[in-house]
Amino acid sequence: MKLLVINPNISTDVTALIEREARRSTRPGTELSMATAPFGVAYIETRAEAQIGGYAAMQLAAERYADHDAVVVAAFGDPGLTALREILPIPVVGMTEAALVSACQQGGRFSVIAISQRIQAWYRETIAAYGFADRLASIRALDEPLAHIGRVQEDQGERLVALAERAVLDDGADVLILAGAPLAGLARDVAERLQVPALDGVTCALHQAQALVDLGTTAPSAGSFAAPPCKPCRGLPETLARLVGRQDLVNRT
Amino acid sequence: MKLLVINPNISTDVTALIEREARRSTRPGTELSMATAPFGVAYIETRAEAQIGGYAAMQLAAERYADHDAVVVAAFGDPGLTALREILPIPVVGMTEAALVSACQQGGRFSVIAISQRIQAWYRETIAAYGFADRLASIRALDEPLAHIGRVQEDQGERLVALAERAVLDDGADVLILAGAPLAGLARDVAERLQVPALDGVTCALHQAQALVDLGTTAPSAGSFAAPPCKPCRGLPETLARLVGRQDLVNRT
Amino acid sequence: MKLLVINPNISTDVTALIEREARRSTRPGTELSMATAPFGVAYIETRAEAQIGGYAAMQLAAERYADHDAVVVAAFGDPGLTALREILPIPVVGMTEAALVSACQQGGRFSVIAISQRIQAWYRETIAAYGFADRLASIRALDEPLAHIGRVQEDQGERLVALAERAVLDDGADVLILAGAPLAGLARDVAERLQVPALDGVTCALHQAQALVDLGTTAPSAGSFAAPPCKPCRGLPETLARLVGRQDLVNRT
Amino acid sequence: MKLLVINPNISTDVTALIEREARRSTRPGTELSMATAPFGVAYIETRAEAQIGGYAAMQLAAERYADHDAVVVAAFGDPGLTALREILPIPVVGMTEAALVSACQQGGRFSVIAISQRIQAWYRETIAAYGFADRLASIRALDEPLAHIGRVQEDQGERLVALAERAVLDDGADVLILAGAPLAGLARDVAERLQVPALDGVTCALHQAQALVDLGTTAPSAGSFAAPPCKPCRGLPETLARLVGRQDLVNRT
Amino acid sequence: MKLLVINPNISTDVTALIEREARRSTRPGTELSMATAPFGVAYIETRAEAQIGGYAAMQLAAERYADHDAVVVAAFGDPGLTALREILPIPVVGMTEAALVSACQQGGRFSVIAISQRIQAWYRETIAAYGFADRLASIRALDEPLAHIGRVQEDQGERLVALAERAVLDDGADVLILAGAPLAGLARDVAERLQVPALDGVTCALHQAQALVDLGTTAPSAGSFAAPPCKPCRGLPETLARLVGRQDLVNRT
Amino acid sequence: MKLLVINPNISTDVTALIEREARRSTRPGTELSMATAPFGVAYIETRAEAQIGGYAAMQLAAERYADHDAVVVAAFGDPGLTALREILPIPVVGMTEAALVSACQQGGRFSVIAISQRIQAWYRETIAAYGFADRLASIRALDEPLAHIGRVQEDQGERLVALAERAVLDDGADVLILAGAPLAGLARDVAERLQVPALDGVTCALHQAQALVDLGTTAPSAGSFAAPPCKPCRGLPETLARLVGRQDLVNRT
């Protein structure tokens, strides 16, 4: 099968981190295409940045999803995830959602370990929107500015492990989610030092994407995830306009 | 005071509807600037369309908010609302949120009357995200294709009133919200025929915007609605880049 | 427009505080009538005191609402608010509810700063009854006996600011509500020292009351906020009996 | 033991109904004192009427609780219940709360059968305030004006049974609560015709009151149900002033 | 009346503790039969142990319920409670549920004091399953291995009281539940040292069981607590098979 | 990898159905062992039957899990799932939980199509316990006695499809779950006739089990899913006693 992995941000070094971990999480016969947002920010901490990243993900996906079996949105917080799920005829998986469903199958409550204080509100709202608020034991986050987003693991690895340990001991976490694409691969590296399962969003997303492709359900023609109804549109990239506005109506306001 | 009213969609006739109702809802001395999305769809029914409209609203707001005292996002579902609230130093009001808080101050539970079946899921999720799910008595919606979005009121007015009456009688609504910018002004026209208060999102948004300007709080420098932290960005319109990426870092990936 | 502002407690010096702040929150052309409860307690900290204050507010409102456009219940916790909303044909606004809806339009989660430990349970229950429990970051309260309820701001101002700062830093509050009529005006005085918007219940209530009058909806004739059905009553002040029992049936058990 | 049963309404014939059922629900050695509100309405359907009834209950209880072991508030919706629980040093039981906890020990979800359409909103809010909203299968209510509140059972008995049957069949109720003091005794009469346990609020309240007296816990000196802190009061009946304002401070504003 | 009290665990010394407290909580004329699980573990801390204890309780109850008026499941967490309630034609009461409903009638929020760290997750899930999560102020637990389950009170009494005091002071508990059959009787011993009511699950269960027998409702023939529908079964003790599979079908796969 | 699939019921023909569908859902290299409960009932509709099936699943799993990489509990409602997850050092997957997490990744709200009226309460409670109650659009169920549990699909296939169609049209389901092991394989057969994705619990469980094995997390040594603490036990099958009571303490009350 062929998976399209989208980094909704502009950081090519984060895309490289994602790819490295993604390749460790594929089965024989699974091919990956990587895509990096052509516009946006270096990494997403806020609702505003998620709004931008979500639209960038839509453009990327519209342009490149053809010939793929599923799409992975590879930023924690899943910018654009439900939007993509509506417009694409193939499964779309998000790092956060995939990590949450993996966590729930291994424990009662989970904690999220995050890279900045500011990012917590957005994570909390994302988790609540999925309906998992009651299973969130805590979010614990670094509280220093990040020198370079592509080197967070090297620079802050020990601090992140310490936060994870506190989440288990003090917050009652049965499972840990090391959150954010910049931490891709860290869970694998530190798993042995932690007393409960530590999940990586990229890894979980890749496994869930492959499971959904195996599941083989077809795109809905009813319900709220059927393709959006035809309507006039304007100023959208043509590939996106075809998915949102329906070809025959594109640019016909 | 001066308010910027943004239609996150491309329909200039809907913008005209919004403006007409908005002008009826301003106090002496309040000036309005109207803005229509330069790209996007005719009206928003889905999560995908909201993602596009939210980004369009960000671009419009970034370009035009200067010299205004508050911004109104004039599409039901409030695309981009919390994103705008983070990046702008002035109050930002959404039609849905404003209608909900107005409804809650007049009754226990409310119903939403909507223009299409498909639009219900997005409304339901918006209302839940604000935490008002328990006060939602029902959403009732038209179930026919809309011939022209700018003439829904004329074409479907009686059907909408009938849905509203059912919501009061069968669903226990204390307040009705006639939802969607294409219905701007309808509540005013049919209020006397309904047994409970009927709210118009545009009207509510204008009143809440003026109230928030009067309230006079200043933009936060902490918490999750302070301006986003500095970080590299690329490919954004310059006015938006200044708000998201901070001027000194713009385009400096 | 003309607003009736009710202090459901017997403290005339608190009424004076409320009036001072209320006058700063009215628009040109808005007139205020102040009313102080003829019976009850000095300030409300408990469910029992709220039950008494709520009934006092009903009596005051029944006697004096005529010729007014809206009523404001000026005690945090909103004693009698929904009762008044049922029996009066004009909008009724509560300090707590008004502060909550104002907070929600400026941030994700809010904290309440309160004047006593005991008062917290009642506040928590009020906020939960409105459906805002999930947006409450924390309640932080003074823990010393109050020497004089009319001088809390002078005596405890610095302690209250310190509690507010902790709520932002430790509890993740995006907005602060300085709660309780005895704190009327404090938010205005300390706003510049706080990093997030600080709301005053009186101010918010006045702005919401004016907005609701502008909104101009009419009293419901159906739903759970229509006037109570006719039924026999006894021993009520005549003005109240007219609203609750319907004139023709009054005192006709 | 000795129980004080308070009817927070003015209807002496409803008090008689309550007493009849209450006497069937006492154990040997339990004595009852009955009390009827000196002011208020015939029966409570609204938040406004509950506010009045709650204050009447406080006055009655303050005056008469001495020498009793527990107090029962005998109106569905429990007007004044938590207020009484704060000010009295003995257990206070409410018809609704007692019925709910009895229902929860016999099934998963319950339905409430009520005497009027209007009463439903108040019941729903009461049940939600106790935290039982998720276990409420439905409220079903008569939809005709009541000719005489003391003869509802005779006049509407069959209709009430039919509503109860629908609740079991269509709403999934495991337990039925025949709600409202005017229905006192009905559950006993129709139990054999219903397929699931049918509860009477008066019966449940009496049994819970006796159980709480047997339990023998003492009044709290901390927490939010300790007696209210001392504070000035005015205009209250002296017996109530002693409980709320503390004797030494009464009438000393 | 005659009550069957089941210890779903194998510890006969805990059964003795339960019996001692149970006998202090019965009225004249109430007889007790005690039963100890023939298989299982010494005390339940986990979901796995609860699954075993629940099945043991079913076997015991099936064998011995005849000639009794109600059954009490005497382990905190109520293993097997709803299962028993389905198959037995008499009331079944659980220690946890009985303590929770008793707590809710005496305060707003309660804390649970528990004998081990590990036991907390199971308690939390039990309380949430009953719908009481929002009223749980905290669970506080001992954090040392228990030398002997029958002597926890003697060994750890002071530590338990200290935890209880913290729950009142720091967590806002209006009521305390000293949880777990091994603590049977402790609440009675330490009540005077605590500032809020302290409940014992055994005591509460006995009082609720007697109240439910007095209530006298009959077993449902519809709803989800009617006896399970007939179906083939195999390998069950005959007394249990009669209740689950219906005699005529037993062992007829 | 090697998976142990447990039917917690005694019906070998249902085991055969499960196996057939399971084999269609495995990847090359995945081997299956099937196990049928040695005691219990033909299929689970009630809490009581789930309590029995859960204990049977524990016994089976304890005896046979060695040499397997994961265990699948193949009855809707997941009897014993969290218990097994505590005692086994390998991943344990449940049909219901796996179907729910698969549904949530394909839509907003889902409906469950079930084989009997009675089974609905147990399903509803299971779904709520996982925290998915807000995403449940409806449960729709057959309302006739089942002639033979192994032939439900043949006998009732059309009726089940009709229920599924109603769930999409009337209840707003984005995804359908055809629930219960006796329906294993049906979703595959009728998928093309339904407008939204239709999920089979067995299929989902197999895919999730394989994904969790691929994920490769290790068993926790802390948190509430670490192996239960050592304690005395008695009367358990030796394989189970080793997992619950720890070998050195087994049978040593």
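The first chain written gets the first letter, and so on, giving A, B, C, D, E and F; residue counts start at 1 in each chain.
Basically, a contact is a pair of C-beta atoms (placed from the backbone, for glycine too) under 8 Å apart; a residue touches a chain by one contact, two chains touch by 3 or more.
Since we're looking at a predicted model, the values are computed, not measured.
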Common touching chains of subunit F and subunit D: B, E
Same or different residue numbers at the subunit E/subunit F copy interface, by half rule: same
Separation of subunit A from subunit D, taking each centre as the mean of its C-alpha atoms, in whole Å: 52
Subunit B and subunit D, separation of their C-alpha mean positions in angstrom: 44
Geometric centre distance via CA averages, subunit D-subunit C, whole Å: 28
Residue list for subunit A, restricted to those that touch at least two other chains: 82, 85, 108-109, 120-121, 125, 128, 134, 172, 174, 224
Arrangement of touching chains [line / ring / star / complete / other]: other
Pairs of chains found to touch, sorted by chain label: A-B, A-C, A-E, A-F, B-C, B-D, B-F, C-D, C-E, D-E, D-F, E-F
Subunit D partner contacts - residues on subunit B that touch it in the complex: 108-109, 134, 172, 174
Subunit A partner contacts - residues on subunit B that touch it in the complex: 10-11, 38-43, 45-52, 54-55, 58, 80, 82-87, 116, 118, 120-122, 125, 128-129, 145, 149, 224, 228-229, 231-236, 243-245, 253
Complex interface listing, subunit C residues touching subunit B: 25, 27, 82, 85, 91, 93, 97-98, 101-102, 104-108, 130-132, 134-135, 168-169, 172-175, 191-192, 195-199, 203-204, 207-208, 210-212, 214-215, 217-218, 220-226
Partner subunit F, residues of subunit B touching it in the complex: 120-121, 125, 128, 133
